[in-house]
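I am attaching a structure below and will ask some questions about it afterwards.
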Amino acid sequence: MSKTTNKRNGKFRTKSISTILYPVLFGVIIVVLWQTQILHKIIGADTFTLPLPGRILGIIQDNVPGIAKNVVATVIVAVGGLILGSLLGYLLAIVATIFPKWGSGGLTIVSAFNAIPIIAIAPILNNLTKDFSKDPNIRSMLAKMLVVMLTCTVSMSINAFRGFNELKPFSEDLMKSYAASKVTVFMKLRIPNSLPYVFTALRVSVPASVISALVSEYFAEYIIGVGRQIRENIVLAQYATAWAYILVACFIGIIMYVILLITEGILLKGRR
Amino acid sequence: MKNLSMKKAITLILVLAMTVTLFAGCGNESSASNEVTPTAAAEATAAAEATSAPAGDESTGAYYAADATAESIVLDAAAKGQVGNWGLGNEYEVQALLSKYGQPTTYLSQAFDMDGFDDDTILLASAMTYNELGLVKNSYDGAYGYGDSVKYIDMNDEGVAMLEDNIFTTKEFAEANPNTVKAFIYASMQGWQYACEHPEEAAEIVYKYGSSVSSDHQAYMASEVKKLVETDMSGATVTNYGNMDESAMQQTLDLAKQYISLDDSQAADALQALTLADIMDASYWEAASASDGTFDAPEKTDVSIQLKWLPQAQFMGYYVALDKGYYTNVGLNVTIVQGGGDIGETTAVYTGQVDFGVTWVSNLIAANAGGMNLVEISQVFQRSGLVLVYKINE
Amino acid sequence: MKRIKKFFQSNNLVTLVWGIGLIIVWEIGAFIIEGSKRSPENVLPHLYQIVASVFSDKLVSNNQTAIQIVMSNAGITLFRAGIGFVIGAAVGFLLALMMNLVKGVEKTIFPYLMIIQMIPILGMAPIVLAITKDINKSRIVIAAILTFYPVATNTLAGFKSVDPQKHELMYSIAASKFEIYRKLLIPSSIPYLFTGLKIAAPMAITASILVDTLQGGGGLGCMLSQSLRHAMSIYVFWQIVFVSAIIGILSYYLMSVIEKLVSPYKRAKIKG
């Protein structure tokens, strides 16, 4: 027993080393090309539209408190919307599985919401949430969260629905042969089966939640957030500062994604 | 330094407030707004009390008395945190006005529309005389129909006006193509002159060139734009179209230096070092206005100009010049490129996508601070079109 | 054939019921708004008002009625979205294939695929513009960039979901790598590919609308922001909201139809 775990650990270690090493090496190459402006020559951009990494990092260094304030606002919106949207999507998938005939129609309606662009949803939600709070910061945060929620619901509901229904062959029949109740089938078979699908959905939703949080900030009533800063600086042609915020946005996404991967690794350990 | 530590403190409070409200479930009516800038709010109320007679003047209604002073209205709206502007480089005049009356320079973000003003979340809303103000007052499709129940504070009267629509290009282009630049200015100003003499016809012409603005609003816009082109900041009539008034430019530059805040220290230093010579060159306009319409062969005949927004009467001069053949007369083949997005006209001109652009002077200043090499060659709007509109009690 | 027809009919009924439910919710909202706001048509108009604006022959701008404006611009947007989607889906599938073929590639580029999704369009646009030198080409490229990720992740998940026993079976009959892909991996990844496509298709449309707003020159996004500025009837905005949602649903349906055509065995299973 102990031998196998050891072996597994060893394998896991070399695996995880290459998992980190490869992308880091690739990243270093890109950054070197970028800083030496070879990248600019390859893609034909100049240092104004694609500023050098050194300058971008310098700006981040100079503005830590200001950036932190914006990051907090963006993270609250992205995470809040992600959680709300994923829960709603999962719930919808459950409903759709219990009532398959009615549920799939509902999923279509949900996906229709996803087809409305954020730039159209954001102003509607801004107006609809006006009475929610007297404080513009709070109510615009709610509006932004709802936008993120809508973008996260769809991929979760579609994937989770698949997870509930694409069971291993005969497993459902087996449960039935044990005379298991519908609830038992759900708890013991469907929900565990849906887990990998949930993570597939989250792998799409996590980047999507960050990006839609950024876009929803463009239109929010209260001026705060990484997205708003990116827009302000792009419009003012301050590309170096805009890229500083873009870099920060990427970091938010990466950190959220890494957290997701770690969680996935822990929860799905026995399965792979 | 003091400012920085204050910013830090505010950040901390803000973060705390947000975390608390998040944990509280966001559901209850929070008083976080008061916590956000406690000092600023306290100062504001103190100031409001000190100057006495805050807006309303004890008269009935939630809005302002018809005869309330600009100062009392600004103080009241700022204290309530209900001053609105679009941001994105349009906010400096409003910030200058807030500073003038000793208020913090924070403002609410106004969306594309005037809905925030309509539903009273913004008491003192930014509006361009030729666009939003018309939408608020008039009652055609899309407009809000407030009529005379709104009044406004004019930035020109308050001495915080900044210049807006101009024509600019890059320094390299101007130096390499002086004849093209002069001919372009000459024909454009001919267009503006005709447009201002015949605003209704100009509105029709713009409408013909693929406008997405309703014809009623277009006509209103043309009549208001005419005023901005033919009147300077002090209200005096301007007859030489496109005149580059140095004192107005200097006022714009001074305010820009004060209120454009850049996170990039390199750009911020560059901003403070800017002089009028770095952002404008009147020689082309002077040559054009002294000319009788004959120019040496233009170095480049196919040129393009990018507007600041979609086609509307704000840009009627260029469309009239195109329609009436003024550009052809001086040997130019001009393409008018629609603006109207977040890739600004400054970037488009800088990257060489287009040759000329129409932008606000403050945007040009910010772009040059960021490292561009743009130069204004003619100033079309002679006064600020920005006003702060408010409702009055019936 | 008859049974298929019946299946479709019942499905349509379900969607219809959902749609009616949504209409009721909307109308309740509209009545509340109508009572409490000065300009309810900006916040949430009645549906019949929107429908009326579709059939109204009043010229909104430039000799076009509201619906003519919306439809002509929808064509422009849809064209860009279609090209972007095809490019994005193809790139996504090829990337997934490449990542599954060479493990090193997956480890190296997968994190960066995610990061690319994090870069806001606004930051990306000036660089893409510098490369393509043409705003309309940039719009297509950006729409493609925004759609390939769900396709790539889902297809990769499909490759990985293949039962190891089946893999071993293929090895035991000494199948070549090419054959394993052709006979086993690609067919079994198809349901996953379509999950990705179903998410990506509406995304391509929203992305295309979003990139319309980068600059003028037509497209739903341009008209949407113009209408939001009240430069013309606000109902143009509301029509765009619905048109974009309808196009989104249709794109989703289109993918479902194609899925059923491509994988007939699934049809039997769903009905089973």
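The first chain written gets the first letter, and so on, giving A, B and C; residue counts start at 1 in each chain.
The rule is simple: a contact is a pair of C-beta atoms (placed from the backbone, for glycine too) under 8 Å apart; a residue touches a chain by one contact, two chains touch by 3 or more.
All figures in this text were calculated on a predicted structure; none of them were measured in a lab.
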Pair of chains whose C-beta contact count is the highest in the structure: A-C
Most distant chain from chain C, judged by the mean position of its C-alpha atoms: B
Chain centre separation in whole Å, for chain C relative to chain A (CA means): 18
Whole-Å separation of chain centres (CA-atom averages), chain A against chain B: 37
In chain B, residues with contacts to at least two other chains: 111-113, 115, 119, 342-343, 347, 351
Multi-chain contact sites of chain A, meaning residues that touch two or more partners: 49, 123, 127, 231, 234, 239
For chain C, residues contacting two or more additional chains: 42-43, 122, 126, 129-130, 213, 225, 228
Complex interface listing, chain A residues touching chain C: 18-19, 22-23, 25-27, 43-46, 49-50, 101-102, 104-106, 108-109, 111-120, 123-124, 127-128, 131, 154-155, 158-159, 162, 166, 196, 200, 203-204, 207-208, 210-211, 214-215, 227, 230-231, 234, 239, 242-243, 246, 249-250, 252-254, 257
Touch list for chain B against partner chain A, complex: 4, 7-8, 11, 14-15, 18, 21-22, 26, 29-33, 36, 81, 87-89, 107-109, 111-113, 115-116, 119, 121, 260, 262-267, 342-344, 346-347, 350-351, 363, 366-367, 370-372
Contacting residues of chain B [partner chain C, same complex]: 111-115, 118-119, 131, 135, 141-144, 207-208, 210-215, 217, 307, 309-312, 337-343, 347-348, 351, 353
Interfacial residue positions of chain C with respect to chain A in the complex: 10-11, 14-15, 17-19, 22, 29, 36, 42-44, 104, 107-112, 114-115, 117-120, 122-123, 126-127, 129-131, 149-150, 153-154, 157, 191, 195, 198-199, 202-203, 205-206, 209-210, 213, 221, 224-225, 228, 237, 240-241, 244-249, 251-253
Residues on chain C engaged by chain B in the complex (per definition of touch): 37-39, 42-43, 58-62, 69, 122, 125-126, 129-130, 133, 135, 213-217, 222-223, 225-234
